[in-house]
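My questions will all concern the structure given below.
Going by the order they are written in, the chains are A, B, C and D; count residues from 1 in each one.
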Amino acid sequence: MPHFRRILVANRGEIALRVIRTAQEMGIETVAVFSDADRNALHVRRASCAVHLGGSRPAESYLDIDKVIGAAVATGCDALHPGYGFLSEKAAAAEACRAAGIEWLGPPPDAIVAMGDKVQARKIAMLAGVPLVPGLQEDVDADRLVAAAREVGYPVMLKAAAGGGGKGIRIVREEKQLVEAFELARAEARGAFGDDRVYLEKFVTRPRHVEIQIMADKHGNVVHYGERECSVQRRHQKLVEESPCVALTPALRERMGAAACDLARAVGYVGAGTVEFLYSAGEFYFLEMNTRLQVEHPVTEMRYGVDLVREQIRVAAGEELAPVAEPRGHAIEVRVNAEDPNTYFPSLGRLSRMSLPGGPGVRLDSAMFRGLEVTPYYDSMLAKLIVHGEDRAQAIARCERAIRELRIVGVSTAMPVALRVLHNAEFRAGDYDTGILERIDRSLTPERRELAMLAAVAARFLVAERAGAKSADGDGDARQRVPVWSMLGRGERLWRNRS
Amino acid sequence: MPHFRRILVANRGEIALRVIRTAQEMGIETVAVFSDADRNALHVRRASCAVHLGGSRPAESYLDIDKVIGAAVATGCDALHPGYGFLSEKAAAAEACRAAGIEWLGPPPDAIVAMGDKVQARKIAMLAGVPLVPGLQEDVDADRLVAAAREVGYPVMLKAAAGGGGKGIRIVREEKQLVEAFELARAEARGAFGDDRVYLEKFVTRPRHVEIQIMADKHGNVVHYGERECSVQRRHQKLVEESPCVALTPALRERMGAAACDLARAVGYVGAGTVEFLYSAGEFYFLEMNTRLQVEHPVTEMRYGVDLVREQIRVAAGEELAPVAEPRGHAIEVRVNAEDPNTYFPSLGRLSRMSLPGGPGVRLDSAMFRGLEVTPYYDSMLAKLIVHGEDRAQAIARCERAIRELRIVGVSTAMPVALRVLHNAEFRAGDYDTGILERIDRSLTPERRELAMLAAVAARFLVAERAGAKSADGDGDARQRVPVWSMLGRGERLWRNRS
Amino acid sequence: MKYFAELDGEQREFVVERRAGKLWVTTGDRTFELDLSLVGDGATFSLLVDGHSYDVVADVERDQVTLQMVGERFAVRVEDERERAAHAVAGNKVGGKRELRAAMPGIVVDLKVGEGDAVEEGQTLVVLEAMKMQNPLLAEGPGKVVRLCCKKGEAVAAGALLLEIE
Amino acid sequence: MKYFAELDGEQREFVVERRAGKLWVTTGDRTFELDLSLVGDGATFSLLVDGHSYDVVADVERDQVTLQMVGERFAVRVEDERERAAHAVAGNKVGGKRELRAAMPGIVVDLKVGEGDAVEEGQTLVVLEAMKMQNPLLAEGPGKVVRLCCKKGEAVAAGALLLEIE
């Protein structure tokens, strides 16, 4: 007997697909919701049913609680999965579900509120005995900010109280930048979260970002599935995650796991959650708790042989937590974002071709399809590549192999950077911190440059040849005639304009 | 330190890619070999180096021992992996490797000879105390055949002595068909294996095909990784494989595993091998031993968390076998062949589009790429879809989900049949035999038919509409103008003619 | 717009209208609301039927529509009124001649009959080797071989006419 | 056929000949044997360089060749002799004017300078919001804003000219 009859998946992209997959495997129907821009999205095509919400801006669609809950009611859903982002950490959405008699596949509204306000969360963590980063402030304004920053010492971090997932964070290294950065951070926070509160924190040196995956049921049981190391970040956006974290001793892991479970208990938590810590030199500090499924949850799934979405559904239906299996091997995730590998600016365009990795120990969570338009409306993550190996060395080698197999044409990705991370001596030694990406050597060897030039020259020659150049030395005809593949290209472009 | 410096992969298709992947992960270079037809094949593009062998017929390329060993020598390889099929069970190839000082990533020539001759193999098995199917004959000619078949009773099976993998097998139900079938089988055996010996065996009723995966090192250690159930077959070609086999008790599994290991020891086996058994009503009978990696080996890899190719390489390099881990969960493999789902005839053509499955517990081993021409030169397997679940029910649901995600355009596959297998009551109960595919109900529900008609009508309407039909009731213009996507289609066809 | 669809021998009539961006398809006494959207790759559609979602790969070659959806492969014949009328006329020309064609490319390794031979149902006519298998092609019913169009040892393309039986 | 390739500031000359079905590419004092084959999808190549194999996705837009291979993305400029001569002439026209363009589509949420303003290196010129992030666009060097081409609140396309500095 299925736990629920029909789940509304209040999200898009790979995470919507992720939830749909598990629901299908559990025999539960799914209802997708979609914006104008997502009419052809894979989550719409793979769900049992689909409901159109409205315009392409999130506020008109995925962020509109009334529309989303309305769709759930209209289609007879008995549960709703918020994914990550969008409504996932909005207590009001959880409340609205409750009011409509729909099970929210996430924690109770109180827990969301308690952990969603970063200032509040710190207080609760302190009471629960969880260690904190020094220097946090509340009731921050420009004047108090300057004084507080002097007290904890530069560099300092500015964080949006309503932020999360690396959004709304700025590092300030000198006092003269502080006030402008504060104003920018407030403006961003207002725009992104509708809440312009920003707080300040000591910037811990050589920190590692280590987080604990927890799960709680409705019977008071709380378990953790070990840690994920997420220190490979740029602009506080994670690029590579792994589990286990090489730096932790078993004793430290148990202390962190226990602290995370204590925090969950302190707020009456139910479902999946992640407690983020800074780790530095044998000490760990509470950063924040994410009251939702995390992007990088598959790293944990690969190691523990657990389906965390399935567990979310099971505990929401009132079942008891399954025992946590012994973890096996090592898992690594790489986020495949549509972005320029040098500037990390979003790379927009149309996915004209893809070639996906496969073989042993490789998982791809993605909502990519040929023809997908990457638009500025949503975040730029195209896919998550997750590998599992018997040990860290095999996982790294496998990850490298899989990245080389992955080809995406139409937008660029930071995969060349991810490969450099996997080759980096600090990373290989496991002795790295959140600054690793800034230190990555991006230079090319002379052999690589020569190879690329050879290939480029040969490709150009072949194009000219195929285009009908009559003699080996070329008489200009090559550039007059249209090569066959550029005809194809134009066909696709023509098509694109019409569709 | 890598075990070998460079491995020649004497194969093509997904298995060549499979070997290349593991070698890459172990830091070992790979040399691909290719025929004319395979110039653009993925195994050529993914290997470190590639050597052209010659014409498209196997005899001119992958089966030509001199050319293959010559390529290995010329490129400085210190090992050769034969994959399955082609040279994998040719003792002469193993001998030639030895003579050239190249490590053969398979068993010693003697073991190949002993097990390759099915008549000889039966004798060895009998001596090793492994149970046999009654009624086997040697020195078969037409006269003796008729007498022998009468003795064991119809139906009987005719098998090529040099065959394997379901090739060169015929079932004969009546005496009047026996001689013609024998001649056909001999002709086929001569063409396929260059050896026209055919033998006869009792056809066991309601048999299950259950096989044991073994591995032996050079230090006398032999282990097994449990069984695979391969009873979902048509024309003796496997379609769906799973592990564990629901019918086996732990005691029976241990007896079969021990028998398989005994047989391996009896022939001084080294490397990966599979001992195939017929299982029926609590009894098992030796069928044959495949002295190579099996197509369906990933089913075992998923359950045991082992990389069998890595183990092959390790034991060939003289290392000791790693201990066998406790198996976890349930794994299912589906073979994706380019074939008509009704006639099982090969479906040739060009892969114009693909959409691949992903998400948790899904592995795809494939050498498919967009633009691949499926030719009559080689066997029709495009890919293997393997799933792993916590239990059999989850594995079945996951497999169904993944099959639905897999889309291949350009050739047809038997995936609709595989889906029916997964839905079949016998299969779900685990109570099936090698006849299951013949009993599968292929009829469509009226709802499905209506849905397909609706979709087809709507698709045709949209084509006409986009082609420029001016009014809703259509005035014939729709058929005059060229719809945009048929322009695209023609572009691709034009392209195909030129490439 | 009226269409006639045929699948597995079942024939149905459908009326399609475009209204308010949607397709309204009527068959028998029921009407379905369809939202059909072509995905960027040119052959995949997202189809919503009364809110139920289907991911469809469709290949439309005039009246032959090949679909991949719900894990199945469907070959549906869809005619509009004009085509139906044209086919009805052409259909009268069908005679008693049957053709044996190669279902796949291969090599004719044996020819078991000659021109003028009488054949029985189930009799082996041709042995075609393809994908390393020898496939006997059988007579679907009794008749007489009126034309042989292949030779032993010949390589034939998919769809090639091998012989005719009357 | 002679080509001039440029990558990361390094320039090299290549001579390509077709002989016996292969490409022979000479650069400096070395010659490579290349076998370049286009895969059916129209943008992927199998490249063998002296027997070493590379899987290459190439996009050739006149002299701009974008490659994906060995896990890297390369943007190589490849000119033939004629193009090189033409570009050499055009190159003389480059003046001291620099353009600030939007690297991605977004919304101009703030304009920190006006026409005629002097700016220093590293100074914030425009704040562009895209993908939910506010990105300050900085001056790459000192100069004077000679033209403003965008307004606060305006949505701009990728590559849109935002302002000019002299």
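Rule of thumb we're sticking to: a residue touches a chain if its C-beta (ideal position, glycine included) is under 8 Å from a C-beta of that chain, and two chains touch if they have at least 3 such contacts.
Quick caveat, the model's predicted, so the values are computed rather than measured.
Participant: What is the set of chains touching both chain B and chain D?
Facilitator: Chains in contact with chain B as well as chain D: A.
Participant: Between B-C and A-C, which chain pair is linked by more C-beta pairs in contact?
Facilitator: Per the contact counts, B-C leads.
Participant: Cα centroid separation between chain A and chain B, in whole Å?
Facilitator: Distance between chain centres: 38 Å.
Participant: Report the inter-chain centroid distance for chain B and chain C in whole angstrom, where each centroid is the mean of the CA atoms.
Facilitator: Roughly 29 Å, centre to centre.
Participant: Which whole number of Å gives the spacing of the CA centres of chain C and chain D?
Facilitator: 50
Participant: Please report how many Å separate the Cα centroid of chain A from that of chain C, as a whole number.
Facilitator: 47
Participant: Name the residues of chain C that each touch 2 or more other chains.
Facilitator: Within chain C, residues 38, 41-42, 44, 54-55 contact more than one other chain.
Participant: Listing for chain B: what residues touch at least two other chains?
Facilitator: As it turns out, chain B has residues touching two or more other chains at 46, 353, 355, 369-370, 466, 484-485, 488, 495.
Participant: Hey, which residues of chain A end up touching chain D in the complex?
Facilitator: It is residues 167, 184, 187-188, 191-192, 235, 340-341, 343, 345-348, 352-353, 355, 376, 378-380, 400, 403-404, 407, 409, 412, 415-416, 419, 444, 448-466, 472-474, 476, 479, 483-485, 488 of chain A that touch chain D.
Participant: Can you name the residues of chain C that touch chain B in the complex?
Facilitator: Contacts found on chain C: 1, 3, 5, 7-8, 10, 12, 14, 16-18, 23, 25, 27, 32, 34, 36, 38, 41-45, 47, 49, 54-60, 62-63, 65, 67-74, 76, 78, 80, 82, 103-106, 109, 127, 129-136, 158.
Participant: Which residues, counting only chain B, touch chain A once they are in their complex?
Facilitator: 17-18, 21-22, 24-27, 46, 298, 301, 305, 307, 328-329, 353, 355-356, 358-366, 369-370, 389-390, 394, 397-398, 401, 405, 466, 484-485, 487-488, 491-492, 494-495, 498
Participant: Note which residues of chain A are touching chain C in the complex, please.
Facilitator: 32, 39-40, 42, 44-51, 75, 350, 369-373, 495-496, 499
Participant: In their complex, what parts of chain D are in touch with chain B?
Facilitator: 37-42, 44, 46, 48, 51-55
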